[in-house]
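Order of writing sets the chain letters: A, B, C, D, E and F. Residues in each chain are counted from 1.
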Amino acid sequence: MPIAHVYLIEGRDEEKKERLIAEVTDAIHRAVDAPIDSVRVLIIEVPKEHFGIAGQSAKKRGR
Amino acid sequence: MPIAHVYLIEGRDEEKKERLIAEVTDAIHRAVDAPIDSVRVLIIEVPKEHFGIAGQSAKKRGR
Amino acid sequence: MPIAHVYLIEGRDEEKKERLIAEVTDAIHRAVDAPIDSVRVLIIEVPKEHFGIAGQSAKKRGR
Amino acid sequence: MPIAHVYLIEGRDEEKKERLIAEVTDAIHRAVDAPIDSVRVLIIEVPKEHFGIAGQSAKKRGR
Amino acid sequence: MPIAHVYLIEGRDEEKKERLIAEVTDAIHRAVDAPIDSVRVLIIEVPKEHFGIAGQSAKKRGR
Amino acid sequence: MPIAHVYLIEGRDEEKKERLIAEVTDAIHRAVDAPIDSVRVLIIEVPKEHFGIAGQSAKKRGR
């Protein structure tokens, strides 16, 4: 019953996020033998100005 | 001082979410004898396309 | 498919934690009409010295 | 490689949040000797109606 | 700079968990074009008696 | 009512973690004008073999 939360800077299109769910689910399934049906993956999008790297937001760093 | 984070697919109306906060707070209070005043409940809403079940988003699954 | 994480200072016995899972699941079910089967509740226990309240650990505060 | 998630009721302006990232990063660096570059700080904003205190949302409590 | 938290019932051996980190990192890299170096994956192990499914702990359910 | 979760590789002594709680609480207080009393800081320690950086655990990377 693994549950993954993936924190991402916002801005990816829906297709990439759908692929992210599929790939991370599959990765967990392969690595720890959890049934695909039991896996949950939540994407938590974080705006650039809320994602701090080395003391500055990604926005300020120009990402 | 219990803190609960509840991850929900978005779409519930405000009344249900207010009730969710009340009910979960009360449940924690009853189960572990924590004073009502000390309990925090955060609702984290997740869009359908960010909530993956069995490798597909809830959106793709038609929820 | 609601998922709740409950952060608790460690020290409750197993019976109380089993009850916590049951009560919080039921509270979510009642409040937002989620099927009982779809609810996940994770208890994350935090040692007293890792739970900070008003700038001091619960251990230092004598809890 | 410390990672901090800071859950805040929404409504602070961008300047305060930029300062929050800088100050929390610095605090972690000073306290546990982690290099500034290795620290990540994520701000997760929670609407008033999703932040429950003592069984009621911050919105209902008039904050 | 994606960060994944994977919540797992405890009990997997170290080799599987090392593989989990490698596979989930790679999955994120492939899906959203994030550089491998920028990905963080945290495994949060949860004891059977703290992982609730449908109102009962995994321990009580006999897992 | 800010709540911070700080994920750390395990191994710091208690004094440093007490200082971490004090410093992070103060940083939040200063940056967003939250009363000291309202701040919660939780330290979530993660074993070296559960903290993945660039696809490898901190243990494997020799930290």
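Criterion: a residue touches a chain if its C-beta (ideal position, glycine included) is under 8 Å from a C-beta of that chain, and two chains touch if they have at least 3 such contacts.
Since this is a predicted model, take the numbers as computed values, not measurements.
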Chains touching both chain B and chain F: C, D
Graph distance between chain A and chain F, where chains that touch are linked: 2
Chain at maximum distance from chain D, centres defined as averaged CA atoms: E
Farthest chain relative to chain B (centres taken as mean CA coordinates): F
Pair in A-C, C-F or B-F that repeats E-F, with over half of contact pairs matching by residue number: C-F
A-D or D-E - the one linked by more C-beta pairs in contact: A-D
For chain B paired with chain E, centre-to-centre distance based on mean C-alpha positions, whole Å: 21
Mean-CA-position distance for chain C and chain B (Å): 12
Where chain E touches two or more other chains at once, by residue number: 1, 3, 7, 17, 22, 24, 26, 40, 42, 44, 51, 53
Touch-based graph of the chains, sorted into line, ring, star, complete or other: other
Complete list of chain pairs which touch one another: A-B, A-C, A-D, A-E, B-C, B-D, B-F, C-E, C-F, D-E, D-F, E-F
Residue ranges of chain D in contact with chain B within the complex: 7, 44, 46, 49-57, 60
Residues of chain C touching chain B in the complex: 1-9, 12, 16-17, 19-20, 22-24, 26-28, 30-33, 51, 53, 58
Interfacial residue positions of chain B with respect to chain F in the complex: 1, 3, 40, 42
Residues of chain F that touch chain C when the two form their complex: 14, 17-18, 21-22, 24-26, 36-45
